[in-house]
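In the two complexes that follow, chain A is the common piece, with chain B as its partner first and chain C second.
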Partner chain A sequence: MSLKRYILKRTLYSIVLLFFALTLNFIIFRMAPGNPIQIVASGVRLKPEMVERLIELWGLNEPLHVQYIRYLKSTLTWDFGYSYNSLEPVGREIMERLPNTLLLMGVSLFFAIVFGTVFGVYAAYKRGSLFDLTTVTVSLFSYALPTFWMGLLMIYVGGYLFGMFPLAGTMSRPPPLDPIMRIFDLAWHLFLPGLTLFLFQYGGWLLMMRSTLLEALHEDYITTARAKGVAERGVLFKHAFRNAMLPLVTNIALQIPGLLNGAILTETVFSWRGLGLYTWSAIQFTDYPVLQAVFYIFALVTIVCNLIVDIVYGYIDPRIQY
Partner chain B sequence: MKKTKVILLVLLVSMIIPSILVMAEDEVELTGPWADELFFKIYLNPEAEYLALKTGDINLMDWELPAEKVTDALADPNLVTDSTADLGYYLIDINCQRWPTSDVHFRRALAHLVDKARIETDILQGFGYALDSQVPVVLGDWANPDIRTYEYSAALAAAELDLGGFTDTDADGIRNDPITGENMADVLFFIRIDDPERKQAGEWLAAELKALGVPIEGELAVERSVCSAAVMDTPAGEWNVYTGGWGLGRDPDHLADFYHSKEFDPECVGGWRGYNYPGFVNSTFDVWADLLKSASTFEDAKEAAFMCQEILAEQVPGIPMYGHIGVKAYRVEWTGLVNAVGTGINSWWSTYNMHPVGQDYGGRIEYGIKSDIETLNVMTAAWTYTWEVLDKIYETPYTNNPYDLADDWGWLAESWEIEDWVSPTGVPGIKITFHFVEDAIWHDDVPFTAEDMEFTYNYIMEQGIPRYASSTQFIEDVVLVDDYTLEVYQSTTSFFAFHYINIPVLPKHIWENVGDDWQDYDPVAEGELIGLGPWKFVDYVAGEYVHLVANEDYWKFPDRFYQGLSMAELQQAKSLSMLRAQLEAANAATEEQAETISELSSQFTAFQASALDLIGSSVDSIGDLADNIDSLDSNIGTLDTEIASLNSDISGLESQTSTLQAGLSSASNIGYASIAIAILIGAVAIFMARRET
Partner chain C sequence: MTISTRRKRFNRLIKRAKGFWGDYKQNKKGLFGLGLLFFFVLFALFGPMLSDNHPVMDWDVGGRRVPPAWFKYLPGFQYLVPNLDPIDDVGFGDSDELSAWDIETNFEDSFTVTHSTEGYERGSGPGSILISLDSEAIEPSAANIKISKTFSWDYSNPPKRFRTNLNFKAEGVEGTSLNIRLVLVDAKRVEYVLWQRDIISDTIWSYPEYKVDSYSIKVKMIFPDGVFADPAHIIFNGTGEYEFYFMASFDNIDTESTVTTHLYVDDLNIELRGTSYGLLGTDQWGRDVYSQLAHGAKTSLFVGLLTAFISVSIGLIVGLFAGFSGGLVDEVSMRFADMLLVIPFLPLLLILIAILGQSVLNIILVISLLGWMGFSRVVRSQVLSLKERTFIEAARAAGGSTIHITIKHILPNVMGLVYVSLATNVPAAITAEASLSFLGLGDPSIMSWGQMLHDIVYYSAIKELYWVIPPGLCIALLAVSFVMMGFSLDEILNPRLRRR
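Moving on, here comes the complex of A and B:
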């Protein structure tokens, strides 16, 4: 099988997977308890004709298969309809929140990869040393702690006890007018939630890097390299690390969907207005269009990331059989 | 642990009782706002919000403190706590359609077994109060204080059971069924486990009943969704006792909704058993419930509400247990907050009245809220926290006494009349005539008129806006009488229908351009978030904050000058005020003079310009005149010459005339002499002739 055919096959497989995810997404929300009409009319008693009108407006009176086809069409055209709660277009609300989530995820993921990899490599290289012991212990600890708990701890210590960082939000009120100061203000607000997500991920990266590298360091080609007189630095980075990169690449792609989940808790704890928080509010309101849209995006990101990994593997790992 | 609980209880009760029972209206200042700015800071994490209050990052917060936070807040010298009763209540629902709870004596026996004092102390621990009526005290005058109550007593309960025939005839420790004579069948309890308070209260009741020889099945402990399916959605109604609870509105019409027989749907045709899922059917109650719903005056509605409460207390389709009390906190640096019934210290009135301690007005209110707001489109907004913002920007025709929900206060409509009315189709209804204030202006300086209110009702009805569907559902017609008078015709006689139509008024000059696009309309993006309220919108940053400023053009904006002064200071202030008035008059006079000077100056300038024009044209005229004079001079010279020659001619003529005159005189003399001679001759001739005769 050629690489081209392999990519085509993986793409088709992803499309089928996406279709199933979409279908499941539709079924789950139709089976969930709660009536959206009651949510809109909370606190008021609507006339039956008004209820009928809303049902008609939202297409809830149509047979399920019609609703399904309409749902597929609208989702694939990125038209997620209106939120039952805010009555605003869901697509617009998602786009408003996406940059904040990307910023939080991006910054924390970047630092987690950099620090996790560097410390992981060094810990593996210095296996059994005090540094190794300390970093592994700290990593296990931070990896095991629940995100929300860590977030609360950060708020208490950094925000309340020392009063060094804001307790919530992404900006001061009102924010500085000067663009440079605005960036500093954002960074100041990003610090605690970013640190929380960083700690949540950093441990995982470090442990993974360490174990992968340890495995690589015991391979025959490392012994050969050392026997050839390659400097220890070269052995570590040119031979061992390069081979340990493979799972790293996989994990980067697979971590992104997982990060979205982590963002739900972190964003809620720090009142960080992103997609995670949006998801949480939608769950509280039984806001089907929002939940369908967000879950669709989560599914899409997961499937696309997997597809990317598959394709990248096809290129970088010659052992992959097409 | 027990000691701590008692101390906490004492502290809370001492704090709570005054706030519930002492409801002085004079604590409310009708003018406002007194602060300069209002920031809503959005905290989606309640823990962070509370810490922000402690650090002073916010001055006021929205949510009720849990017990552990109350003790912490009470110990914090920077915080002030206050409490209020929630708009809701918890009760034991009793299935009146299933044996043995269909027997009123059995139900009364149950009522005697609810130990409300213990619930207050051991379960609620000061965060609630015992309740006898189905109308909680928060609804003020609607609560009937004279209904039948049931003292907690196992003996009285046993007596009621005996009265109903539920006696232990075979002395086996289990009471016998008065119909079958057999041991009683199990009484089915549905106890909610998702609410620890209700769970505990339900379990106590079950234990008490069991101790009296009534078998209990399972003491079923289920969560809300299961309860909902079993208790409310099943036609068979396989349950006897359920630990229920309700949130309420400001009116007591829930009595009719919860217990009128027409609200009971035994076949679940409408998908559930209806609001009256206990299946209480009582024709006398129905009559009063109908009267409650249709009464057109407060007095009639109140009488009906009282009667409904009396019947319910007698028939016991439900046993009211308790209402919740919430404790909220604010910063000690602020004063003037209003602990409104059902809301607490974060009421609308608080932001309207509050100001920094030691400062009569001004300051920036930092109000923490635990949710982001949604759209600020007043036609689609549904979320509670969105309305925290919107109700400060928009106005409604009237408001209510923050200490008595039954007491309506004139506001944008300073007065109104409610009259009976019959529609052209013969449906009885009411006509409400609003008389609006004449000095209210929109935030964009456009004057408010009754036409705005008329437009609001019509717009909502024409567009069929769901948010206000129930508000306008009985409106038949809206008639604009004049700029400040509006008549609203409703096809119902219910006194409460008046409350339905108390909705925010829209600025016609803005919303008439929105038309059919009300759902997509974003007033913030359009820069058109214009209201009439005490606060003006400045800015909203999603997920972060909302910024409002005091509306200094508000028709109730305070004369801040006299606020908070002593008598001596007041005297000085008044003198100062007079001076100020004089100064203002002088300023006004100066301004008037300045205007006069300005006017004179402009007149002078105009005069100067016209004078210059005149001079210019005069100079030209003078030139022309000089030329004319020269030509006239030459003409005069010519004329002089001519005159001289004429004069000489005249002299000649005069001499000729003299000559002629002299000649004429001589001729005349000759003539006269000739005539005289002729006359003499004639006379002689006549004499002679006569003499001859």
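Moving on, here comes the complex of A and C:
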């Protein structure tokens, strides 16, 4: 099987996964108690003909399979209907918030990978030393600390105690007009939530990097390299680290769902105007169209990341079986 | 099976357990984790017994949102005042309780104050003060009686809140006008009439309630600042002797009438809620934070252990089944696991709990049904490699059935993985439950650590460190204990990781 066929197979598989997620999404919200009319018109008495019109408008009178096909069609065309709460199109609200979430996740992931890898490699290299012990202990704790609690402490220390960072929000209100100031303002607001989400991931990365490298250092080819007289630095970077890189790449995809969980909690704590906060407020209002859309987007992000990693893997790992 | 083989088998088991413990003892991380877990188990079992307060239902056991009592030893917190009941809940169960009160009247002849066995049943039991007024014996048309008690207030700072109680019943008040009042007198002899009422007709015992509450607007309105006043702050303005009294004044007494007026007084007390409470202070509603923490430990351990057990069991069964039968079963179950793995966990959890309802059983069920996939893949791959080993082939050649081989030969070889997975699944479940509660989707009827943190954010109490630190630290430490145990189990059971 060629690389091309491998990629095609993975892509098809991803599409099947996406289809499954969509179906599950449809079923869950059909199971949900209360119909949209009750939720939108809570506290208002509607005339029977108005209720009928709404039912027709939402297509609730059609058979289930017709509703399902229409749901698939509208979701795939990025048409998620209207929020029960704000009565705005959900697609537009999501597009406003998605960049914020991606920014938060991207920045924290980047730094977590960089710091986790660097310290992880060094800790594995200096196994048993004081440095190893402290980094492992620290990362164990940062790994185990609940994200939201870490966020609360960040707000307390950075926001109240030192008063250096804003307590909540994505931008100052009103936002600065100057574009450069705007970027600084965003970065200033990003610092605490970004640090929280960074710490959330950093420990896991470090521990994983350390253990993969330790395992790699015990392989026979390392002994061979050492026997050949390769310098210790060369053994570490050319032989061990290169091979430990592979699990690292897979782990990025595996981390994405966990990162989304962390992002929801972090955004809620810091009122960061992203998809996580949006999900949380949608749950408060039983805003089903929003939940349905967010759910779909989270699944989409996860599936796409998995696909990308699979493809990258196909290119970089010569051992892979097509 | 004969007894001797059974004994042999038992002895072997003991030996293996001893050998394992010998390995485990060598592992510092593992011992640390086990010790930590042991502490939390003890805390969950016996912690709740150390406090009588219900973590959810018992409001106002102390002042609202006050730090722990031991804070007063810290610099800057010397002002803290504990809870005090200067006049304890007086049920007037016997006449001794009556003698502890000072009784003052302007016409001693016309009043008789006795102990009555009648009392409000739902208050503090039978027994009350009976004040009888014989109207014929009275000269002028006005008379009053005062029942008072003094107490000393030794703190220079005020309490957070005070409440006083009173329950009464009046008989034969027609023809007089009766006014009853509750008065607090401060150390400078300034009198504060906190509550008063004109009784114009006969009354019955009323439901016991706080007649005076320094938090209530009615009491605040007595003071010049109105709703902004803090009566506790104004009245308790320094150390000294304070007096609390109940007064009944009769006016326009119809001396012609032969009716005797009876006034029963019961449940007369005053309680001061301090600016500090207990081991860990109180929350927004004056609930005991220590009790919440102890009950939260119970919730977390229960949810964590049960969830991990269920999800690991599911993962084990699916993994064994998929690995051993292979083919279509394997393909379908592993694809299904894949599909569940790509669905973001927390959003799905939130939505399912929002739909199914916020109960602890739903939480356990949903978390465990979403947490088996990773482990099932690990088990499956282990089974796949075991299947090719010669001892399985030998067992099969000897005529062992699939079920027999799975239980007798495969299962013992994956048990190591099961223990490690249990140890890593528990903290995951604990964190998931905490996240759920933190986002406001926990079980509202029971207290958990996530629920405590939720309350902190909800009432914007981030600055109250005595309330913020304990739950988060407990979640972290409990998670760390399991992670450490998982690590050490992994090191012991997975020889590749052993230090060389």
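As a convention for this text, the second predicted complex is superposed on the first by the 321 of 322 C-alpha atoms of A that agree within 3 Å, B and C clash if a C-alpha of one lies under 4 Å from a C-alpha of the other, contacts with A are read in each partner's own complex, and residues count from 1 in each chain.
To be clear about the criterion, a contact is a pair of C-beta atoms (placed from the backbone, for glycine too) under 8 Å apart; a residue touches a chain by one contact, two chains touch by 3 or more.
Computed from a prediction, not measured in an experiment: that's the story for all the values here.
Undergrad: One more residue to check, A:Ala21. First (chain B), second (chain C), both or neither?
TA: The second partner, chain C, only.
Undergrad: Could you look at A:Val269 and tell me whether it touches chain B, chain C, both or neither (first, second, both, neither)?
TA: Touch status of A:Val269: both partners.
Undergrad: Could you tell me if A:Ala187 is touching chain B, chain C, both of them or neither one (first, second, both, neither)?
TA: neither
Undergrad: Once chain A of both complexes is superposed, is A:Ile303 in touch with chain B (first), chain C (second), both, or neither?
TA: A:Ile303: touches chain C, not chain B.
Undergrad: So, A:Ile155: does it touch chain B (first), chain C (second), both, or neither?
TA: It touches chain B and chain C both.
Undergrad: Applying the document's definition of touch, where does A:Tyr82 land relative to chain B and chain C: first, second, both, or neither?
TA: first
Undergrad: Considering only touches as defined above, state whether A:Leu133 meets chain B (first), chain C (second), both or neither.
TA: Neither partner.
Undergrad: Which positions of chain A sit in both the chain B and the chain C interface?
TA: 33, 152, 155-156, 160, 268-269
Undergrad: Going by the contact rule set out above, which residues of chain A touch chain C in the complex?
TA: Per the stated touch rule, the residues are 17, 20-21, 24, 28, 31-33, 128, 140-141, 143-150, 152-153, 155-156, 160, 211, 214-215, 218, 257-258, 260-261, 264-265, 268-269, 279-280, 283-284, 286, 291, 294-295, 298-299, 302-303, 306.
Undergrad: Residue numbers of chain C touching chain A in their complex, please.
TA: 338-339, 341-348, 350-352, 354-355, 427, 431, 434-435, 438-441, 450, 453, 456-457, 462-463, 465, 468, 471-472, 475-477, 479-480, 483-484, 496-497, 499-500
Undergrad: Can you list the chain B residues touching chain A in their complex?
TA: Residues of chain B touching chain A: 39, 41-45, 47-49, 51-52, 54-55, 57, 225, 249, 371-372, 374-375, 377, 380, 382-383, 464, 466-467, 469-471, 473, 519-520, 539, 541-545, 547.
Undergrad: Name, in rising order, each residue of chain A that touches chain B in their complex.
TA: Contact set of chain A toward chain B: 33, 40-47, 50, 53-54, 82-83, 85-89, 96-97, 100, 151-152, 155-156, 159-160, 163, 167-171, 173-175, 267-273, 277, 281.
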